[in-house]
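My questions all concern the structure below.
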Amino acid sequence: MKLIIAIIKTFKLDDVQDALSKIGVEGMTVTEVRGFGRQKGHKEVYRGSEYSVKYLPKVKIEIVVNKKLEEKVIKAIKNTAKTGEIGDGKIFSFDVDKAIRIRTGETGPKAI
Amino acid sequence: MKLIIAIIKTFKLDDVQDALSKIGVEGMTVTEVRGFGRQKGHKEVYRGSEYSVKYLPKVKIEIVVNKKLEEKVIKAIKNTAKTGEIGDGKIFSFDVDKAIRIRTGETGPKAI
Amino acid sequence: MKLIIAIIKTFKLDDVQDALSKIGVEGMTVTEVRGFGRQKGHKEVYRGSEYSVKYLPKVKIEIVVNKKLEEKVIKAIKNTAKTGEIGDGKIFSFDVDKAIRIRTGETGPKAI
Amino acid sequence: MKNLFYLFSLLLFSNLFGFTEVLADNGEAVLDTGDTAWIMTATALVLFMTLPGLALFYGGLVSSKNVVSALMHVIAIACLMSVLWLFGAYSIAFTDGGDLNKYLGSITEKFLFNNVEWNALSGTIPENVFFIFQLTFAVITPALMVGAYVERIKFSSVLLISGIWLFVVYAPVTHWIWGGGWLADLGVLDFAGGLVVHTTAGVSALVIAILLGNRNDFPNNVLPPHNPGLVMVGACMLWVGWFGFNGGSALAANSNAGMAMVVTHIAAATASLTWMGIEWFKNGKPGLVGLVTGTIAGLATITPASGFVDPKSAFIIGVAAGAICYYFSVLIKQTFNIDDSLDVFAVHGVGGMLGTIMVGFLANEAIGGTAGSLAQAKVQITGVVTVAVYSLIATFIIVKVVQTIIGLRVSDKDSQEGLDITSHGERGYHL
Amino acid sequence: MKNLFYLFSLLLFSNLFGFTEVLADNGEAVLDTGDTAWIMTATALVLFMTLPGLALFYGGLVSSKNVVSALMHVIAIACLMSVLWLFGAYSIAFTDGGDLNKYLGSITEKFLFNNVEWNALSGTIPENVFFIFQLTFAVITPALMVGAYVERIKFSSVLLISGIWLFVVYAPVTHWIWGGGWLADLGVLDFAGGLVVHTTAGVSALVIAILLGNRNDFPNNVLPPHNPGLVMVGACMLWVGWFGFNGGSALAANSNAGMAMVVTHIAAATASLTWMGIEWFKNGKPGLVGLVTGTIAGLATITPASGFVDPKSAFIIGVAAGAICYYFSVLIKQTFNIDDSLDVFAVHGVGGMLGTIMVGFLANEAIGGTAGSLAQAKVQITGVVTVAVYSLIATFIIVKVVQTIIGLRVSDKDSQEGLDITSHGERGYHL
Amino acid sequence: MKNLFYLFSLLLFSNLFGFTEVLADNGEAVLDTGDTAWIMTATALVLFMTLPGLALFYGGLVSSKNVVSALMHVIAIACLMSVLWLFGAYSIAFTDGGDLNKYLGSITEKFLFNNVEWNALSGTIPENVFFIFQLTFAVITPALMVGAYVERIKFSSVLLISGIWLFVVYAPVTHWIWGGGWLADLGVLDFAGGLVVHTTAGVSALVIAILLGNRNDFPNNVLPPHNPGLVMVGACMLWVGWFGFNGGSALAANSNAGMAMVVTHIAAATASLTWMGIEWFKNGKPGLVGLVTGTIAGLATITPASGFVDPKSAFIIGVAAGAICYYFSVLIKQTFNIDDSLDVFAVHGVGGMLGTIMVGFLANEAIGGTAGSLAQAKVQITGVVTVAVYSLIATFIIVKVVQTIIGLRVSDKDSQEGLDITSHGERGYHL
């Protein structure tokens, strides 16, 4: 099994989730994060003073999938999360050692 | 060492933490996340219009433990986080390459 | 490639980020988390009743880097995040299998 | 505000009603400090309805990426309307327009509050108090319309539309009804603005919503109210402030004002429970946002009737307001698929028109000097139809003109990111 | 509100006190616009105490999963009590009950505000103003009790208990003290509701908390106040509104009202500092929630005394309020392990009773017509004991009955998930 | 508050101004219920400005780890000043100081409100109403200074500095101008506190900011306002309350009060739009925090002028306030690198001084009895300079003394963690 972590633009979440549902991904976990990267933060100006906001709001999604779905998932995310502008985000993938569904105790691919 | 990630129901956090303390887990990191899975979200109705809330509040706990504690930790989480109802969550485990305690610089199992 | 996860004290974030920039890290992802560890939580007292706050606010940073940068990154974090007091946090490192930049589709080290 | 005829009869029968004498020995009107105290208080209450009441009510209903923008709309409108009220709008509404007086006052006569003795009276209160009390009505009316266009409109268009609208719709209609114009002559009853405020704002809001187009995510992916607590706080402030709105419209501290407060309160409470009951029945759960929407519906509906009806009628009006406004909020959005985002038409427009018609039947002669009757109801319907049609046409033209000059909508990308950052460079919450 | 005897003496000595004359030449009472303006203002202020003041005060103290629910309790109670006040409760409190007048007014006489001339006077103000002013007291009293049962009660039980309670406890006790009943005859002093409002609410809250049972997480895992800022905002609104509560209870705009405002303010400020000082001393840190709890304790405690004491006594009352209410909040929760969740008894119950007794000693004859004395203190204690015992027994029965019919608590699972979603289908924050 | 001379002329010409007669047949002053109602209302409004208005305004501007602390500063100051006002500060400001009367009243004469008949009058209102109305001014003035020192000061120093400051700066300056002291003799115009409130607070704030030192993160890493919505809500409450502040300073419900409300409102709206316009032009985006800062600048600037100018002048004052205060907020922080964190000097200090000078030119004789002239402007400038210099020196000494006794700043570690937890043991949000 693989854990795929994608960091994407906030407003792309719904599109990505739709795309993943279509290829059979049934579960994922979403976290609000703040990103720092090539896309520089912005300045907010209050009363003539600048405040630099270095970190931009992003969304992180974590999906554990069967190895053979990995490529499809990556492709789906890549296609739907892309705007072509800087700051679109990253996809990382990792090996998962074990997976368990708490409700049933099922393990491995059946758990996800 | 192993990293164990568990996604559980929010209100189970205290129970799980108690159970882990009992078996000697001394540290963990908790994140508020939103989950998407078999347990479907709900609808909120405002002024007669439905708003679907697809993502449910969950809690993610991350624990790095010594390999030999791994099974005990998984079992403890499984037992305490389980309600038997859909949406109880998942446990995933990963290999950790290195661990360092910032305060002392200790590494490996001593760091956790 | 390596994923380095560091859990640090909230107010150290800016220092750590500066230090990482200096050694050439161009991207990272930051999450607000709550930590449980040797540093015990505190009590808040309202109207004479104690409320124990078990979890302390911490910040988690995730950085994917080229293997050869790994040690430099760990060192930089260790040095800047350290106050010497309990609760300074941890650094963990993992193997990353794949990395993709969504905007360009680049993979591997070029993606980060 | 009663129309002039009504004001006249009040003066005539003031002794009957237990008023303190308002004429000095030599027969000249004199200032009454109690009345003045009350209308100054009412002014503060009505300003409070808009700032921050209405702003919070709307701010809580939008998503968290548009909260600054919603607050900004309301307060910027409030500021601009205040200045324009001084720069001619008051004069259009409340001076004699000569030949055109049936339709309009004179824009120049009290432009900049010129030609007014600084301590001139209006009835038993200073005219400057009347000016500022009325100003708060002129401020809230275009601000009500914010609910129709949040989360997608350009900020500059908000200002431009509202500014023109004040002169073209609000000031003239006010003149018709409270400034001695043709609807006053006709004897239409509108105590505190069922027509002047709620019908004009509600109908115009619908027009803007249609011309502007729906939010991109409407109806399926719209985010729920980001903070029901704020909505409730805003509604409570509106409720409290409405005592000044309706009670102050008696322009005196007397039984008429007191009764206006009583019926206002009863209608609000009843409509709240009605709306809550409907939701409880239909969704299985009584919601906070629903209850307080009922509150506002009840308040808008009792507004035209508040100086003319008794508590029993207020109860009836409250039930009708809760049920009918609920029905319309579903109708507009679900059936007609119009994204009047925060239900301005369903709550204010429908409420204002409903109340204006109901007072035609329910008016209690003892209280307001007019008895409910079929004849009166016809007068009321005439008022509703003409004000609604006029608002519709005038607003249609205004919006089309503004659209041509500067456009109406922000880019899709900006609305996706949220107007807070893209239009105002601020973020609602740095928690 | 002073009792009738006191009102009478006021009228008698009005010239002495520098009042404007309230009787017309022919000896009939006439409306005073200044008094009317003030009581209408006071009405708005007292409504503001509940909506949104009290709602925010409680909303900030609960956990974030129950904030909508706390707000909902307060506003739904406010709506329901308002309607019931019209449907007979006012009549029970403030009409002559004939043979039973010592204990009760007549429910039918002013049911639906019937049999009241629309412009009838009550003293120098319209009776409808008196009606709506009193209504705001009837609204806030059961709403105070919300603090005892949040985070675990069924919403339907909230409505049912509060509704019955208004008729069985609030209206009769009001009649005893302000409506010419037996405690008024006895000469008990309760200017603005130390007994009528705070003792009834505080004692009843304790009874409900006991019968309902503690929150599942009490006392060890209860979450801290989710938003101290909201608590503070609510407390400030209560403070400001209390000027209307106590100052309005003079039922006139005069020195008596002014002095009530002064002592109210001094007691509130003093009790705030006292509570803050205690916490600073005991915990090493002065907290915001503590300070504002002291504010409310001071306000509740000065309430019965507010028209009868001078500023020096207000200072003494403030110190006593801060210290004793603090002590009781610890006692009830820690020692007796009773989950009166937001300390309604310790703050309102204890405060109301304490103030009622203290005014027996501290009353300044010049101000309120009664001098403090042991004799008066005994009268006061009689009042406290009977009102407390009556509230206790009556509420016990009401709660038992409601428990039998529809039950009291939500399921453990629902309270774990939070009442916002499970009872009301809304979430407090979508940030 | 007008100075005594002005009050006198008002009484003299009261008939001219359309006042109701304030003298009874036998020539003695009598209470006017309308005036009393209005000043009691104004008192509630001004308290509301501080609690929660100003607290929220400041609370929203700081970072989320210091929000409890900012709220705490404001409310603790409010409580402490209230008690000290009773314990002598009122007496210093508003009694006759005998030989020293040019500079000071007597601290003992009305200490604890002693030696005051409980129903004594002050003009047409009870003196106790005057006392509590003035108290609310004494409360807000030191609370304004909170904006200069948030996020780094020790809480005990806040209390100590504010307490001493009330006696050493506020009470004497008030005596000079409103209590019959030397600036009143000179004929300086300060209707509602341009000098007494805003100049003293603004200048003293700057002194504290300099002596305390900048926040560690200033200017580069300071966090942006954590909640612009709160800032806006606070500003709105300040705006509404300012009707009581300026309108109440007429000490009567008359045309003077009404005109004060009108010009207050116009100046606020105009300054808001001006500030918004400048930001729109300079940053490309109109921001909410900027707009409402303009509001407060406009309100502070019109304050001294509010009973003396007409609406046209109010518009001019509004434009000047928005532009000049904006300019100074940049100057102080960017150019001078002084961390007057929430711009107390730029907004209140500059606004108060600017308005005080402008009224010297713009005063309209018909309205306030004084015509604008170069001579009057010189008097005004004398007032500004002496009050500013006195505030500067006195505050410098106070702060140095407090610094020596208990120190000023929390540790760097504590300010890094946030004052909420480290000074008050509470967290602003548990969401």
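Order of writing sets the labels: A, B, C, D, E and F. Residues in every chain begin at 1.
Just so it is clear, contacts are C-beta pairs under 8 Å (C-beta built on N, C-alpha and C of every residue); 3 or more make two chains touch, one makes a residue touch a chain.
Bear in mind that the values here come from a model prediction, so they are computed numbers and not experimental data.
Listing every chain that touches chain B and chain C alike gives A, E. By the residue-number overlap criterion, the interface of chain D with chain E counts as different, with under half of its numbers used by both chains.
Inter-chain centre distance (chain A to chain B, centres taken as mean C-alpha positions): 18 Å.
With centres defined as mean CA coordinates, chain F is found 46 Å away from chain C. Centroids of chain E and chain F (each the mean of its C-alpha atoms) stand 33 Å apart. Remark: chain A and chain E have CA centroids separated by 53 Å (rounded to whole angstrom).
The multi-chain contact residues of chain E, meaning those touching 2 or more other chains, are 32-35, 37-38, 41, 223-225, 283, 285, 287, 289, 425-427, 429, 431. Shown for chain B are the residues that touch two or more other chains, namely 31, 44-46, 53, 94-95. Chain contact topology: the protein chains form a pattern that is neither a line, a ring, a star nor a complete graph.
Applying the touch definition to every pair of chains gives A-B, A-C, A-D, A-F, B-C, B-D, B-E, C-E, C-F, D-E, D-F, E-F. Those residues of chain B whose C-beta lies close enough to touch chain E in the complex are 11, 14, 42, 44-46, 53. Listed in rising order, the residues of chain F touching chain D in the complex are 17-20, 32-35, 37-38, 41, 45, 63-64, 223-229, 232-233, 236-237, 239-240, 243-244, 247, 252-259, 261-262, 265-266, 268-270, 272-273, 276, 283-289, 291-292, 295, 310-312, 315, 364, 366-367, 429, 431. Considering their complex, residues 2, 6-8, 31-38, 54-55, 58, 60, 74, 77-78, 81-95 of chain B touch chain A. Residues 219-220, 222-225, 279, 282-283, 285, 287, 289-290, 293, 326, 329-330, 333-334, 343 of chain E are the ones touching chain C in the complex. Put simply, chain A touches chain B in their complex at residues 3, 17, 26-31, 64, 94-103, 105, 111-112.
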